[in-house]
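The following blocks contain the structures, represented as structure tokens.
Paired with chain B in one complex and with chain C in the other, chain A is shared by the two complexes that follow.
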Partner chain A sequence: MSLAETLDKPAFDQSARAGTATASAARRRAGRRGPAGPTPLGSVLLGLSFPFALLVAWWWAARLGLVPEQILPAPATIYETLSSLIADGSLTTHLEVSTHRVLVGFGLGALFGLVFGAAAGLSPTVRAFLYPPVQAVARVNVLAWMPLLTLFMGIDEPLKYVVIGWSAAIPIILGTARGIENVSPAFRELGRVLHFNTRDTLRLVVLPGAVPSIFAGLREGLANAWQTLVLAELFASFEGLGYLMTWGRQLFQLDLVIIAMIVVALAGLAMDLGLRWVERRAQPWKRGTRDVH
Partner chain B sequence: MSIDAAAATTLPAEARAGTALRSVTRRIDWRPWTAFAALLALWFAAHHFGWVPAKYLPSPLAVVQRLIREVTAGTLLDDLHETLRRNLSGLVIGVAAGLALGALLGASSLVGRIVGPTVLAQRQTALFAWVPLLAMWFGGGDTGKITFIAVAAFQPVVIGTWRGISLVPATYRELSHVLLLSRWNYMRLVALPHALPMIFTGLHGALIYAWLATVGSELFLNISPGLGGRLNEGSQLFEIDLLFLVILLFGLIGLGFNTLAERAEGLLIRWNNR
Partner chain C sequence: MNAPFHSPSPQAPATAVPALDIRHVSKAFVVDGKAVEVLADISLSVEAGSFVSIVGASGCGKSTLLRLILGLDLDYAGEIHLDGRPVEGPGPERSIVFQEHRLLPWLTVEGNVGAALLHSGLDAAARRRSVAEHLELVGLEAFAKAYPAQLSGGMAQRVAIARALANRPRFLLLDEPLGALDALTRLRLQGELKRIVAYEGATAVLVTHDVDEAVFLGHRIVVLHPRPGRIAAVLEVPEEARADRSSPAFVALRDRVLELLGVSLGEGRAR
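== the complex of A and B ==
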């Protein structure tokens, strides 16, 4: 499940390099054309134009009856279903149930992941004994374990917390351990020169150095938690957004399915944005350097 | 190394064999294997001492016996073949579509800026949220399953290809302008080789996600021949050895795909650096 990580990691190195390249290119362009280059607002509008065009096409197709309701309900139908779902409070209930599951599962996974990851990052012995098995488990997706876990735990809330926590913990373990392991030896040496005790070394050297990697792990863990939530709710549940989808499918009400999909996407996006905000607050020095730059 | 060689020539044969053995054991790190061995021992013990009812936990030997029985009867191989066929069909469709769209997004910055944000936002949608929708559009049979696998494989390839091509350094682009390369030749000779590592990362992701989707489609959509069907059979008939066997196979195949992709990526990077 560490796909986002594998995807983002090389991108990270390269975008740093490309970032300077595009920055210089932009400066050159700005010099030629004046300050009116491609503005952020322009990019946002351009990016929104495509979904908007899709929406218009959808609306027209529905109006002209080009696609049957069973294949794609009209936007108006979706809006009506959405407002009735909001009015009777059922959408809120489903959303609350799902959010609760994600938060509990992610909380457990994060706690375990941070502790275990820190142990593996700080102690080479722990790393040597326990890291490879964790990596092996990480490569087998949680979905394959689900039928087995069901036998032991039933299909109630504990199963959901465990699978969500499990999928969240894996990137957090890897991110935390890697972050601590990769703290620059020069900084550690500086700490020794300044006669830092263990607590100060952890607080002032190891933790700040490891924070970016830890947050990368946390963000991927949260994304995994959402993925697994939908999985677990499709697998077995009687409330929640995943259940709303299954229910809509059984009733052949595509509007319910689409609404649930949109809400899942938005909620995932919102949580990711929230965690990014926390990440920025946790690294005040980063904002500072960016301003100086 | 020269010290080793010197020691080898001066020492008697037995001692030499001893050091060779010791150097082999030193080279293979035994420590990670303790956890695996402990797990296996725990499994044996849990079964042997009845910590977990036998209804829930078969002995490891029973699973091996079941494997032998299934393989000699040929049933398991048929199921494996069905599952892999579905997996590969979806993978090929998804990767082809992903490469095409990714190349388009990367080649034209305007298309990238118009369609790109939608592609990125779509990545936030949980993969399995597609299952009910695709099931309604394409049915729960083979078409629906392969479509779902293709969607899963599509996402990482688009992003890898797009990023890889759009991150070609501006100087390379300027150079190809100076050399009057046509757009096609620029893509073929400059952009694609430069983007190859990232495309490969995308393919790696596609392989993992397609496998996940294959397992998921067989569990969530209609029951059909394939490993997922056997898994359902195992859990419904309470044939616990079959259930364990299929879960182990799912895990091992996933692990195999992952290792394969990592090896291939390693080779590619070495070739690229040469």
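== the complex of A and C ==
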């Protein structure tokens, strides 16, 4: 998923920190900065530099009148519109409605995805049963199902939950199943030598080993949920950020469209950061790795 | 700690029942539809408390033999008996140190050692005590709360040794346990391993391709020839050789083993 992957950059940093003592000793010799990459602050600044440059270019283009105001409104216009949208509370309402839809849809998708992904990862029979349809469905955009789903579910909230949950569930199923399947055979063998029962094996070998892949699936699912939200709201809604976009497009008020895009991007980013925080909390062995000798 | 302090002599009484008895074991794998024999007619008996080193070139089936003793693979010809009972699967009286430390990255050092005691029948306090004792034995009591990623290779392997010993196994299997370490760490850990195994009184089977290590640690050395793995010779290690790496007995035995392994000593000395 492009969004999830682009935002993945700092994970680099983290895996380097989780390296062996030898690696950290080597980094120590190479100085604080080391050859691994920029410092945490540096990578944040680096990440902000491109959007900032774009903003400056945009501002200049508007100031010099390079692009007609109707097509690309000036940053100042955007700011004014944003202020009034915040002032009359409509932006908050749209954001709340959309966030609620994403959370419910993603929650359903995550629940479904984790359960079926785990079943597929643990049981070859379930995998053989589940994988062909999931793989096939994964190739048909969920929007293509919308006309059909509308006939069954109507056009109200449940439709949006199902469509968002559906798009989120697919990477979560695949990530969870893959994570469990790929648990190291060497560790499974160790479990046999140490007389682990099924519960020990799940708790001490399978689950912790699958955590990174499960979270990769969850984050991709979350990115899918936001993308599908916008499309679902374009299709059938009278509230929400996707609706704000449609409305702005119909009124030829592109400032509304741009604001909705920015808010969607920031909300998605914020929730992704939240998931990454949970992921770090779930893997204390990767956190705070420092030399203890 | 009141662990039995064994100081087994290489000349154990002939009447002793062998603790580990391997009888005519052969093992073949099927590769591309063809059976490839990896072990051919291996017979070996090891008396309780003794340390046997198995040396051989890579691919002579050394590790396979350990997997069979461990009970991870039951598909072979011949018989393996522990105290007169056939091996039917992994059991708590046997443990292994692998070439890689194979510590679970998500458990702390004490968590990894404690994982060996989950089904030991000990209560939580006794398990904690055993973990602490064994970490002390390998000199890592200060690192109990560290994660494996924070340890050096030598330290991680010491944790793996502590884990293998935590349940007080009667049989300790060592699959090139020091093979992945640098030369200095390896020498130091060889000394530690000898002390620890003697202290615990376990019967040990070490698989290695390091001849010095085999001579230094073993009461007996089993030399394997490869493809298929078969016993070329079984040599007793004189106490003098085990005690001192520069003794004439050590050097003589090492040269004898190298010769059996087909290493031409003349060339080695000329370089």
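Operating definition for what follows: the second predicted complex is superposed on the first by the 227 of 293 C-alpha atoms of A that agree within 3 Å, B and C clash if a C-alpha of one lies under 4 Å from a C-alpha of the other, contacts with A are read in each partner's own complex, and residues count from 1 in each chain.
One rule holds for everything that comes next: contacts are C-beta pairs under 8 Å (C-beta built on N, C-alpha and C of every residue); 3 or more make two chains touch, one makes a residue touch a chain.
All figures in this text were calculated on a predicted structure; none of them were measured in a lab.
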**Asked** If you stack the two complexes on chain A, which partner ends up touching A:Gly47: first (chain B), second (chain C), both, or neither?
**Response** first
**Complete:** The answer to whether chain B or chain C touches more of chain A is B
**Message:** Quick one: is A:Trp285 in contact with chain B, with chain C, with both, or with neither? Answer first, second, both or neither.
**Reply:** second
**Request:** Could you give the residue numbers on chain A that contact chain B in one complex and chain C in the other?
**Result:** 18, 21-22
**Prompt:** How about chain A: which of its residues touch chain B in the complex?
**Reply:** 1, 3, 6-7, 10-11, 14-15, 17-18, 21-22, 25, 43, 46-51, 54, 70-71, 128-133, 136, 139-141, 143-148, 150-152, 223, 226-227, 229-231, 234-235, 242, 245-246, 248-249, 252, 254, 257-258, 260-261, 264-265, 268-269, 272
**Message:** Give the list of chain A residues in touch with chain C in this complex.
**Reply:** 18-22, 186-187, 189-190, 192-197, 200, 204-205, 208-209, 283, 285-286, 289-293
**Message:** Looking at the complex, which residues from chain C come into contact with chain A?
**Reply:** 70, 72, 90-92, 95-96, 98, 100, 102, 104-107, 115-116, 118-119, 143, 146-153, 155
**Request:** Give every residue of chain B touching chain A within the complex, in rising order.
**Result:** 29, 31-32, 34-36, 39, 56, 113-118, 121-122, 124-133, 135-137, 156, 159-160, 163, 167, 169-171, 197-198, 201-202, 204-205, 208-209, 211-212, 215-216, 219-220, 231, 234-235, 240, 243-244, 247, 250-251, 254-255, 258
